[in-house]
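The next part holds the structures, each set out as structure tokens.
In the two complexes below, subunit A is the common chain; its partner is subunit B in one and subunit C in the other.
Our next item is the complex of A and B:
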């Protein structure tokens, strides 16, 4: 069986800025691939390439063996690509429930009561049931982060793209999130961008480290974290940021 | 945080039946002169509601909605006079004509965003106005009379016109309600709130926006045709007058953008003020502007926004309640 996601020699640059250079990786059903890299390494741009927000200049993206490189974002979503945003992007004037209902009834292709049930189900899963009927724009950060996950899950995706979903959460909240992601992991393929490496190591089967859109290392979490090139570039960049801040 | 608002589809359905009955019976009880005033009120309300739909439901801010008022009116007048057809038969096609015009313009104007989009429609309105003003076969600056209604019975014309205006009111209140309650209404709200996320939940943003634009412009066009048929004469300076835009924005902003009730209140206030300030000449436009500024400063969500927040009334609310929370609240009771 073909892996859920296959990325083949993906390249994209904006002028001098390279966001992806000859990137190849694959993620199977039930597997989680972590992506790490310093700020500006092209992590979110890789997600934008996978989701169809930007087009690659070279390379192919296969979903369940089918080429989706030329498909628009909404068509990819309907085929099972769900994503969360690093900075939550809810439909602000709609309630949490309506946010999730929209996903269930469009990308999730459910109608009427089935869409409502699915929406209620993912709100319960992400602990948002009690806030379901509040406007999404007024929710606190943690709830908006949860809503990102709920909205992506309402699509019943086969591929879930998580963009720094643990960022800004407390230790206890991160732990809750790990439990949640481990629970949904067997039913789909996950690509997770995260700076909180202990969270990533707890869930990811493999980690891909990138810098300037280029692969530096890939392998099991412990091996990648121990990699000399990763430590130099990734940790070095973090230290630089800390020095500036 | 905003209190819970919810939907009352049955109440709205009952109201729709009552309103329809009242509108059907109205011509039997109302004098012809008052019927004409009601046609004016109804069509101006529909203009405002079409702009409210675009700005508050689709997320498209246009400064040129008068374009479709003029186009709809000219379509009916020109085709009726040229082919000798009844203007009442042509009225529904003014919707098709204006929707079609909007559909052809969409690929170009959708390339522009926000203020540029808003102004682009205004520019098209000015171009069309100048085009018509310079064509003798379209009556140039002095405009076109409506020939077909001259031989008709006056009260028949007024009554038929009234029924079209009434139909527009029903569409722009209950039709808009039904649309916002539908799956498509959810997509329109999603695109309005965040187009990136809308695409990320599988909504085709371009076509959703296209549908909203075409529908809103078509309704404005049909209302424009109805309005000018009730005055039997159309000329480019009046039909494509940017002051139409001022009136629409006044009504929607003081009533409350993105609500069905807002423009109803706004229209009532507009016609009351116009009655009181009659005879003040151009001063009345300034006073309207001043009233709009005060409302914007005191209540940015309009009068209906204040009423809804303070009293928790939301007759035409379209909130979809979650099944979980419904259970939760039943449990509390």
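Our next item is the complex of A and C:
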């Protein structure tokens, strides 16, 4: 069976800034690929390439073996690419339920009662059932992150892109989120960008480390974390910041 | 008694003003697009209504149905062919574009229909009246108010209860994120502009039944629309309705007191509200009643 996501030799630069250089990776159904890298390494840009916000200058993106490189963001969503934002972007005037219902009825292509059922289902899955009728704009951060995830799940995606979903949460909240992501993982493929590496290591099957849009290392979490090049670039950058600060 | 009658007539007129503002306010609320051509499209709708009215069965007022359908299609075409091309962070290109459309449209109407004053004939209904609590009121203005109220209520319900309505509210919140629901916001924008134009067209036809219009009436219509939207509080639905009421009542009461310059007082009220509460009646309501 073809992997859900196949990225082949993806390249993109903005002037002198390289956000992706000859990147290739694949993610299978039921698998989670973590992406790490220092700030400005091109992680979010890689997501924007995968989601269709920006176009690559070279390379291809295949979803279930089908070339989606030139498809727009909304078409990719319709084909099963779900995405969460680093900073949650709920439709603030709509209730949590309406947020999820919109995703289920458009991206998820469900009608009437089926869309409502799916919406209720993902709200239950993400622990938001009791807050379903509250305006999404007023929810606290963890709930907005859950809602972000719920909205992506309502699409019944085959590929889920998580952008620093654990960022800004307390340790206990991060743990809750890990449990949740582990629960949904068997049903789809996940690409997860994260700075909180212990959270990533708990869920990811493999980790890809990038810097300046280029692959530094890839493998099981423990091996990547132990990699000398990763430690130098990733931790080195952190140490330098600490030294300057 | 004469004052009660004046205020009742102001409410009738205000309902129509609210409807004129609704199209502009709806387009702005969903897309942040200020359609400067809205006033001239309102006049164009009145011309379409003028020519279709004699062919409409049962009652000429039903001409609002075909005109609304035509305006809906024109709105979709306008958004898809023109406005969608200049979307971006900068609103100036949209304003210049719609301003240009307004000039072209106005001059086309002058060339095509002449500059004479026209009115849509609704037959005997124009002269019918009824007694309510001892005051004499016109049937046509009352019917127009009912139509305006129904349209406000229908739009409100549709936005909150229907699938597409929810999507439009979501788009108003964040059109970029709507793409993550598998929807092209450009398509939603086209539908929203169609609805805005249909609402404005109904207002234009009803206004042409109550009074008269020329190809140059667009600027006045646009001014009313702007005032209603701003008095209501940008994007506030029912704020717009009361904004229209306030304008209508002020105008007629002032005309009674000062027949020479009554229209000016509507603008003065607009100006005072702008100074006291820059975010309109809705903003004042939030501050005073909800204490936010």
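The rule is short, and it goes like this: the second predicted complex is superposed on the first by the 240 of 245 C-alpha atoms of A that agree within 3 Å, B and C clash if a C-alpha of one lies under 4 Å from a C-alpha of the other, contacts with A are read in each partner's own complex, and residues count from 1 in each chain.
Criterion: a contact is a pair of C-beta atoms (placed from the backbone, for glycine too) under 8 Å apart; a residue touches a chain by one contact, two chains touch by 3 or more.
What you see is a predicted model; the values in this text were computed from it and never measured.
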{"item": "Three-chain arrangement built on subunit A, subunit B and subunit C clash or fit", "value": "clash"}
{"item": "First, second, both or neither for A:135, with subunit B first and subunit C second", "value": "first"}
{"item": "Residue contacts with subunit A in the superposition, subunit B compared against subunit C", "value": "B"}
{"item": "Touched partner set for A:158, first subunit B, second subunit C, both or neither", "value": "neither"}
{"item": "Partner chain in contact with A:97 - subunit B first, subunit C second, else both or neither", "value": "first"}
{"item": "Partner chain(s) touched by A:184 [first = subunit B, second = subunit C, both, neither]", "value": "neither"}
{"item": "Touched partner set for A:83, first subunit B, second subunit C, both or neither", "value": "both"}
{"item": "Touched partner set for A:117, first subunit B, second subunit C, both or neither", "value": "first"}
{"item": "Contacts on subunit A seen with subunit B and repeated with subunit C across the two complexes", "value": "51, 72-74, 77-78, 82-83, 85, 89, 91-94, 98, 101-103, 105-109, 151, 155"}
{"item": "In the complex, subunit C residues that touch subunit A", "value": "163, 166-167, 169-170, 172-174, 176-185"}
{"item": "Residue ranges of subunit A touching subunit C (in the complex, touch as defined)", "value": "51, 72-75, 77-78, 82-83, 85, 89, 91-94, 98-99, 101-103, 105-109, 115, 151-152, 155"}
{"item": "Interfacial residue positions of subunit B with respect to subunit A in the complex", "value": "1-2, 4, 6, 183, 186-187, 189-190, 192-194, 196-205, 258, 319-325, 328"}
{"item": "Parts of subunit A lying in touch with subunit B, wherever the complex brings them together", "value": "51-53, 72-74, 77-78, 82-83, 85, 89-98, 101-103, 105-109, 111, 116-117, 119-120, 123-124, 129-130, 132-135, 138, 151, 154-155"}
